[in-house]
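Both of the next two complexes hold chain A, though its partner changes from chain B to chain C.
After this line comes the complex of A and B, so read on.
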């Protein structure tokens, strides 16, 4: 009898944590590196804001909220799903053979191949930025709005995770998808930090309906700040933001499992 | 227990053209289809140990990977213990244990004990069963001496013993062993064969063994399958194989007087040893003449100090089979 998925997850997390703790110096370096990368982004936005004062009609504190939401969503992705970027290596080295031979979903084994302890740096910085941004922004908080804010952060993380998961699924057929990892990282890291209306109608439509970056931070920030008129699409769609992440993630995992049937296993 | 019908696996590879700028031109070259396994059918009953043989690149690993669910067949049908491996992968995983000699299934950075505890929890092995089986592994594989060593620091022999323990801890009804004895010393090979025999006898475990070591085959397998170029060349028992591809036996005679060595000839058998050798080898077809007749013929003419009969070596038989030289 196989263990339940929850038991399997507990076992896999125990193993990945134990593996991570084997290399403590590396862990410390990664922890500092993760936090530094996030802080650099913050510095970049700070420079833009002090130079321009406002972006697309959004004040410094409003843009700060958008950046805080983006960073928090990214931290969710990085802590729980970052290992999807390892799929190329897992496929090329044949580690994926092992995943297919165990009574546990292969995708779960990929996510837990290493415990993302170093991403705690991302989480601390993101929590601090979001905390400060929420205090400075003028938001009429209600319980519902707070719930929407939390769910949007999780949903935003899932959107980023789903994009990287679909990219990871391509590794089963293509020899190398490294360039795509960087492309998605820079797309999300660059465009999600700004109110998308500044890029014009075509770009904001593209980032809403083709590559749904709008729902990582822009749409939820607009709802929280009562600025949904800037979105260019109905507020009801923006209110649905928390649902998009889980739906896209389910689709991405299905694609991943279907594409895994094209795995050719090295040495065959 | 294991059934495969008309199994095919085809890969697509980009052809590398010859001539100038071949690397650049290869970017635009058409992809060509390569058949690694070409219409293989096989059936293995519960409790059988079958040797799956073939030269390098014959398609053995690809076939095993389709039977284990790692690869999806391009065509054909596979069923293992009533389950289609690639379609019901998790259900299939509970029925099979796999050891790849070339690649470990263990957690590389952690002590072996941690991997085995994880397997115990993932396959819901009870605490009592775990204790009993670990004690058996310790007896047969001397596992206790390296349980707390990280897998990355184990020797090849220790690592394969660890892999075998991990693959059999939950007592799967089917065991696939792909080159399990490659690079092992004699002691480790014997330990491995003992465990496989014990699992087969006590638990009726079905075993499919891929190996280049003919001692493994002679000592473990009741039946063999030989493939080459992705096609089945031979399927049957060892005796039949030897009868078909090496229909002879050798009589080894040591004459009491060395001067007789070059004169010995029974008239019933063909002399195959070179002139000047201290021992004389006489080859005969047991279908045409019996061993006692040849022995009588030699010993009635010469005084001999030692005489023995040698069956054809499986190694030679398989070499003839691979070379298409019956």
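After this line comes the complex of A and C, so read on.
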């Protein structure tokens, strides 16, 4: 990345941060809102675990580790990439015209159009859940495993970001992708919290190879808990989880830039 | 009066047309709802595993609840709660204010229209539920009739609350925080994601004091015949009373909101 691009990026981040800090009450409300959005899925899984105790042969503490990893990955996505959901508006209002004039890649401008300070709420709640879950799960920690855990969280966040980026790219042709945002949010937010073997062979394969939900939290959790036999694919693939996120994200950004060629300005 | 009705009907049509204009989006919404229905059925059947009942609720009832609540929530809690915040942000609220029918009536009618456009998604969920043996008939015709009435009242309550919360857009241009908090409360407390039978008793008492459970959980209690004929009638009266309170609240909030309206770009 050229030095001028980095300078422009720094300016954009500083501007968006200043905008967020200007309205303190709104910021506080947003922080609580960010945490509340995560809490919905936590409540769902919490009530099920309280009533049923175990899911798909995984104990409550094992499922909570899976949930903690999923929430942490989501927090990474939400803090760094959440603004991709704004692409519909950016296209409708012609804001994208400005992106084409500035000397910074359009995708970076989309990400920095607003600083995601409110997503700190996501981070706090995810850190708390993951912290408790790690303490309660029986894991034989090694340095390598701890490194894998951290890298998997980042990789999981990038996988979710790549799904939403490809969705954002679709906005250049479809104009309205609200339903896709909701579907991806719901798939990742609700169903990634379950050990995916419960969905059976076909659906597990679908969530592994077509929509890679398996690598957001299930595969890393299975490795940490020494339950790779539940995965239905070789453990080596699960160990490669941290690499999938960056690869998918690079592909998604390429798709975004290719699809942006179909942008037609509303004439702003 | 007739002119007001004609105007309201036109707003309902407009709401439906603006949603149906994006056909691919409607199609994706239908596919997404069907996918969720399938996944919910699988999840509930698997969490039950070999158990017959949990807290007095059998697996068939839990699966059926999940499908019906998804179908109702698809209409009651759309991804975008109301078009109002966007109209305030873009300054289109100026047009709303000068129309011959009130801003609240227009926006409620618009929400009804948008829900009509979302109806294919709900119907598809019910079809998927039937195809996977997830739905059985209600106890009797009375239960079916009361259920339909109760769903109607529940939806009106949800749309009224959605619009009241959307009014926050008159005070702040960033409505995300408020929306997330409200959506979390509404989704959980209405029983949209998990049946309230599984909620701890102390929490259930708190939820009984709020209007949310009357939006989705109460109609489904009637469907499953878990309440008596008289109790069903009481639930309908409770819904109608809450609806009156929520309408009043909406009008109070709207009156204050319209005093601080800022027409962006006007």
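The rule is simple: the second predicted complex is superposed on the first by the 262 of 268 C-alpha atoms of A that agree within 3 Å, B and C clash if a C-alpha of one lies under 4 Å from a C-alpha of the other, contacts with A are read in each partner's own complex, and residues count from 1 in each chain.
Please note the rule applied: contacts are C-beta pairs under 8 Å (C-beta built on N, C-alpha and C of every residue); 3 or more make two chains touch, one makes a residue touch a chain.
Bear in mind that the values here come from a model prediction, so they are computed numbers and not experimental data.
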Clash or fit: what happens to chain B and chain C when chain A is overlaid?
fit
Is A:145 touching anything from chain B or chain C once the two structures are fitted on A? First, second, both or neither.
neither
Contact-wise, after the overlay, does A:55 reach chain B, chain C, both or neither (first, second, both, neither)?
second
If you stack the two complexes on chain A, which partner ends up touching A:34: first (chain B), second (chain C), both, or neither?
second
Partner contacting more residues of chain A (chain B vs chain C):
C
Please work out whether A:47 is in contact with chain B alone, chain C alone, both, or neither, and reply first, second, both or neither.
second
Tell me which partner A:26 touches in the superposition: chain B (first), chain C (second), both or neither.
second
With both complexes superposed on chain A, which partner does A:177 reach: first (chain B), second (chain C), both or neither?
second
How far apart, in whole Å, are the nearest Cα atoms of chain B and chain C in the superposition?
7
Contacts of chain A common to chain B and chain C in the A-superposed view 23
Write out the stretch or stretches of chain A touching chain C in their complex.
23, 26, 29-34, 36-37, 39-40, 43-44, 47-48, 50-52, 55-56, 118, 174-183, 186-187, 190-191, 194, 198-200, 203
Residues on chain C engaged by chain A in the complex (per definition of touch)
22, 24-26, 28-29, 31-32, 35-36, 39, 42-43, 46-48, 51, 54-55, 79-80, 172, 174, 176-181, 183-185, 187-188, 193-194, 198-200
Per the touch rule, the chain A residues reaching chain B in their complex are 1-3, 7-8, 11-12, 14-15, 18-19, 22-23, 94, 97-98, 100-106, 261-265, 267-268
Flag every residue of chain B that touches chain A in the complex, lowest number first.
9, 11, 36, 61-62, 65, 68-72, 86, 89-91, 93-94, 96, 98, 100, 102-103, 105, 107, 109-110, 114, 118, 121-124, 150
